[in-house]
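Shared between the two complexes below is subunit A, which has subunit B as its partner in the first and subunit C in the second.
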Partner chain A sequence: MDFLKSMQIAASGLRAQTGRMQVIAENVANADSTAQRPGGDPYRRKIPTFRSEVDRALEANTVTMGKVRQDPTDFRTKYEPGHPAADQSGYVKYPNVNSVIEMNDMREAQRSYEANVNVISATRRMIQRTIDLLRA
Partner chain B sequence: MPISDVPIFSMLRTRMQWHQERQKILAENVANADTPKFQPKDLTPIDFGRQAQPGGGQQLALALTSPAHLASPASAGNFGTSRPLYDVKPAGNAVNLEDQMIKVANNQMDYQAATSLYSRSMGLFKVAMGKK
Partner chain C sequence: MVSPLSAAGAYAKLARLADPSANMPKGGSGVGAGGDSAGPSFGALVKDAIGSVIESGKKSDAQSQAMAAGKANIVDVATAVTETEVAIEAMVSVRDKVIAAYEEIMRMPI
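Then we have the complex of A and B:
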């Protein structure tokens, strides 16, 4: 039945957005994770990627999470000579996580998730209408 | 003659299949709303004029060369897809979520209209049979 296929496509969207949310949560949680040893590199921000994939059983393009990439931008540095992770000149490297960008990403993930849920509930109502044909 | 070959029923059936197919394509668009370089698709509307012609609803049915052959059921038929271009995001993705949501809601309402018509027409048959 084609309606169930629509639901499975939307479910692939839900899965992908959940994976994206996971990466964002990881970034936000580690926004202040410094290195364990003096002068070392702190947590590096991760970037989720999406890939469109042809599902042969569904005959449609579903979406999956691609490789989680690392953000190559520079780390933030702060002058904190007493910090255990400070280098010789007293600077500590902090992760390249920008909370404003993460919040925006989160909003977008939420919005896309809701759109997919909307498709599922619309499809569900259409299936219900088809079943109602039997009752009439 | 099977009930699905009565013109109104076969037309409504084609219409419902079209909505089903469209729902699938819209689901695809929404699921890929964040995939780079993804272009949204949509179905071309059904041509009523072609549907209204006798036998217009079914394409390429098998020919009956012997009276012993069974008539093939009305085939699903393929619906064409069109690609309207809206604003394209920097990543090359052209899905507009609001636009897709409106299309999904529209599709659902039109499907509902088709199923209501279908059950009404069924009701007419029941009246003709004298049993309610």
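Then we have the complex of A and C:
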């Protein structure tokens, strides 16, 4: 049934946004994770990607999480000579996570999720109205 | 899967059963000859529909149980339960309509 198909497609969007939210949570949680050894690299920010996928059973394009890529931008450095992860000159590398960017990504994930939920509830209303035709 | 479309199909079949002119060319005796028409009888159709509703009910039950066990995704549970709900609603309204038609016939003064 076509209505249920659109529901399944929107559900794939929900799943994808859940995965994106997971990556954002990782970034936020690891915003201050430094290296274990002096001069080492800290946590590198992850970027979620999405790709369209043809669902053979549904005969429609659904969305799935693609590979989670790493953000190649430079790390933040702070002068903290006493830190266990500090290099010879006393600088510590911190992850390239910017909390403002993460917050915005989170808001975006939230809004996309809501949009997909709205598709599902609108579809449900359409089905309901169609069934109501029988009851009239 | 029970859908409003298959419900509409059911009505078309019912209308054919109730309409004597559709059965007359085959030499049937009106409503009584319903079982001999080319398509499946209305009873078989409803049976099929109930079967598929039960099937989707089982699916959503399995999802809910997996969810309770902490294995399923909440999205899968929500979609499975919604599908079942829609299927049951469609079937129930077809049933109500058929029973209403039956009662109408029973009220007919002879």
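By definition in this document, the second predicted complex is superposed on the first by the 136 of 136 C-alpha atoms of A that agree within 3 Å, B and C clash if a C-alpha of one lies under 4 Å from a C-alpha of the other, contacts with A are read in each partner's own complex, and residues count from 1 in each chain.
Note that in this section a contact is a pair of C-beta atoms (placed from the backbone, for glycine too) under 8 Å apart; a residue touches a chain by one contact, two chains touch by 3 or more.
Keep in mind that this is a model prediction, so the values were computed, not measured.
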Based on the shared subunit A superposition, would you classify subunit B and subunit C as clashing or fitting together? fit
State whether A:N104 touches subunit B only (first), subunit C only (second), both chains, or neither. neither
Of subunit B and subunit C, which one touches more residues of subunit A? B
Go through the superposed model and pick first if A:M7 touches only subunit B, second if only subunit C, both, or neither. both
Once the shared chain is lined up, is A:T130 touching subunit B (first), subunit C (second), both, or neither of them? both
Touching A:T18, do we find subunit B (first), subunit C (second), both, or neither? second
Touching A:F50, do we find subunit B (first), subunit C (second), both, or neither? first
According to the stated criteria, A:T77 is in contact with first (subunit B), second (subunit C), both, or neither; which is it? neither
In the combined three-chain arrangement, what's the angle at subunit A toward subunit B and subunit C (CA centres, steps of 10°)? 30
Superposed, subunit B and subunit C have a smallest C-alpha gap in Å of 5
Output the subunit A positions appearing in both contact lists, the one against subunit B and the one against subunit C. 3, 7, 130, 133
Hey, which residues of subunit B end up touching subunit A in the complex? 16-17, 19-21, 23-28, 30-36, 38, 97, 100-101, 104-105, 107-108, 111-112, 115, 118-119, 122-123
Residues of subunit A touching subunit C in the complex: 1, 3-4, 7-8, 11, 14-15, 18, 120, 124, 127-128, 130-131, 133-135
Tell me, which parts of subunit C touch subunit A in their complex? 1, 3-5, 7, 73, 75-76, 78-79, 82-83, 86, 89-90, 93-94, 96-97
Mind listing the subunit A positions that touch subunit B in their complex? 2-3, 5-7, 9-10, 12-13, 16-17, 20, 49-52, 60-63, 108, 111-112, 115-116, 118-119, 122-123, 125-126, 129-130, 132-133, 136
